[in-house]
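Down below are the structures I want you to see.
In the two assemblies presented below, chain A is common to both, partnered first by chain B and then by chain C.
What follows is the complex of A and B.
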């Protein structure tokens, strides 16, 4: 953690070398956050209900997925630039240092501009929580926190999977974005609206539903099942195959010329 | 102690011919060709040795370095370095080695060099006292004091390379891998880098493995050279032995007063071959296995009004070229 802060400070110093760019980025981020907020507001004033969920309920769903995604992006999106790191040999350097490669990949790219996105998520959250009609007792709060944390790790797992694939292709696969950026987009609505098949896929294969849909039902009082409440914990199992895939990929790493 | 035993590594490379049609075809069916980057590579390097690892481009030099530094996992064979298997005990091994890739930077581009050094200190868990000591030493030896506070992007290539080497030595590794450390440097920087490598090897007893295309590096630094070509080790021996074996040829150039008899007027006996002749200068190659240098000079200069005379052996560059030719690599 101390080392992470070290990396943090060197990135901060680097970015401060270009002050104008830094402040413009911040400004841009703020405007994006603001416009998203406007967008949601417009959307929710138009649509009343989706698949039996009221629009305030839906907004909570969106807030959770956005928050989880933004946290994952802030801390784990270092994998985004992973294809480039492999291409330019930066990853070779990481491998000759006595630290975990995953940690170094994450620390190699810390984007402060992502803080803007996080801010955006906080805004949506602040808007949705009081309007959702959920009784915020201890159990429900714990479930909510569980959903967000679990969601963060599921997205992190997806990023890791994406990076693992790069070991074989040496370049990124945009297909993966269906699940990452795409996950954020279709997580706006309770996943049941997409039908049984999709829901099943998102439960057992890419477990977005485990942190997004089932505990959401419990929050809204539509399900009394304890199993639904603790679903986010099972979603963490997704990290295991992702990590294994990364390990196997690492063994097959071919490096690049020279 | 570095021990490599029958290391093999094969890369699979997707192949296709040029043109749109071929590109479209490749989308559906790819043909792969196998490149045997390393085939049965074995050698052993003792502590404190300084070894030059040479071979033409694509011979497998970098691949070997990558196997030894834990970046690549070979397909078969064993490699044990100070008790560690590089790709298996990667992190433990990484603390013992320093790696300089001449063509890539490990310094953070936008911040002063000293900030990079401090981050490297934390990555390698070097304690403060030892770090100070290392830094002072390196600063003095590599003459860094004036550039430590400059952002990396503003350094000249020579300055940057000196910083790169320092960065790889902050944690005092026992083994140093240098992959083309003098590439693109001017004469002064080259000499400084060479001098430094020699001192580190002598004073700290650091084992140095150096790949380079600059034969002056080899001549100035290493006693032992290992030649690799097409993924195989072709030669492993001292530079002197190689030279003695391979360069039995000497060139003798005789300059004489124009208009007087020339050494080339007489037919040249066995062991001599004429390289060039003008009205005041004759260059002849002799094979020292057939005729000794002194006999050759005597024969060439008899009755000639000699103004100047020189004897040249094969340069290391020529030696390497003849080696490459001999092994057809």
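What follows is the complex of A and C.
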């Protein structure tokens, strides 16, 4: 942990060396996310609700997925540059060091400019939380925090899976973007909007719905089920297969030799 | 210099870039799968909005389906954030000097390079998406064009839209002569323009006041125009107006780009080394 903090401060300092570049990238992240939000706004100037969810409710849902994603992206996107790490042999260097490879890959890249999205999420939360009509008692607050944290780890799991696949393909697979970037973009609407089939897939295969949809129902008071409220905890089980896949991939790893 | 000979070097720039772009076939395959999933998810969301209130829906389901699939199939043709990193590098590290000593027109070289990269990418990607979209059940698939004339105009405006998009990107490159750091201009182009040209939500969905303003800007003359002509969403006087505006914006942006470039090149300082 102490070592991670060291890395943390080094990354922070190095990114602060290029302040203009840093803040412009931050602004870019913010604006890109903002245009998605504009898209939601546009739709709700015409429609009062979609699948029974109102504008404020959808905004709340969007803020959750955006915050989970940007947290994951800030701290776990070391895996994103993983194909390059394998390609240029940097991963071989990591393997000979006496620390866990996962730790080192994570610490190799911490992108603070991604916080532009986080800022967006905070603003949308600030707007949507008082207007959502949710009774913000302790249980609901805990559910919301649980959703965000669980979401962060599910996205982290997806990044890990992506890196695990790289052991075989040696290059990044754009297909994974369907679940990472796609999860962020499509998570803006409560997932039932996409129909029964998609919802089931996102419940049992890639558990985005477990932190995004079912606890959300509980939050809005549409479901009394305790099970729905604690769904985010089950979503964490997703990390297990992701980790296993990474381990198996690691055992199969053959250096590219460069 | 005769016209024929004058064009040949630009054609070879086009060919080289095109062939270069055709090399990345695996990446294209992965891209197709991704884009297909994105299109499908988008369409499912529109379906839900349609179910919520069909009377508030400004297009038919068939029309939005065509729009969504075209948007995915021709993504690489029209995306405004797709800029040539080589050109930015050339401006920054002085490589532009090599291009300037050629007896050719720099604006034209960059223009055809951009056309070619986009054309190559779309050649690899569009067909599979279009084919699959065609066999999807009604109303979620790609329908036939409303008429032969509409199809013809679709092709023409599509070509013009591509020219307009590249003319717009040229302005971004040329601005870099002044700012040196491409980041700032790029950020605006990547975020807000995508929204304005209807890549996030089609323009008919926007509130009336905003929609009327956007329809006058060059952004409405990009993908918005051909995609909606195809499905008959834009027809009659609106169509004529659209094409006139499109031609006007192409002329205006190219003229502006050329003027800016001439001014920029007069004061360009290539740092040695």
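What we mean here is this: the second predicted complex is superposed on the first by the 221 of 258 C-alpha atoms of A that agree within 3 Å, B and C clash if a C-alpha of one lies under 4 Å from a C-alpha of the other, contacts with A are read in each partner's own complex, and residues count from 1 in each chain.
Criterion: contacts are C-beta pairs under 8 Å (C-beta built on N, C-alpha and C of every residue); 3 or more make two chains touch, one makes a residue touch a chain.
Because the structure is predicted, anything quoted here is derived from the model rather than measured.
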Please work out whether A:140 is in contact with chain B alone, chain C alone, both, or neither, and reply first, second, both or neither.
-> neither
Could you tell me if A:56 is touching chain B, chain C, both of them or neither one (first, second, both, neither)?
-> neither
For A:74, select first, second, both or neither according to whether it touches chain B, chain C, the two together, or no partner.
-> neither
Just chain B (first), just chain C (second), both, or neither: which does A:27 touch?
-> second
In the superposed arrangement, which partner chain does A:98 touch: chain B (first), chain C (second), both, or neither?
-> first
Would you check which partner chain A:254 touches, where first means chain B only, second means chain C only, and both and neither mean what they say?
-> first
Of chain B and chain C, which one touches more of chain A's residues?
-> C
In the overlay, answer first, second, both or neither for which of chain B and chain C A:13 touches.
-> first
In the complex, go through chain A and note every residue touching chain B.
-> 2-3, 6-7, 10, 13-15, 17-18, 88-90, 92-93, 95-100, 251-255, 257-258
Using the touch definition up top, name the residues of chain B that touch chain A in the complex.
-> 11, 62-63, 66, 69-73, 87, 90-92, 94-95, 97, 99, 101, 103-104, 106, 108-111, 115-116, 118-119, 122-125, 151
Within the complex, which stretch of chain A touches chain C?
-> 20-21, 24-25, 27-28, 31-32, 34-36, 38-39, 42-43, 45-51, 173-175, 177-178, 182, 185-186, 189, 193-195, 198
Within their complex, chain C touches chain A through residues 27, 30-31, 33-34, 37-38, 41, 44-45, 47-49, 51-53, 56-58, 181, 183-184, 186-188, 190-192, 194-195, 200-201, 205-207
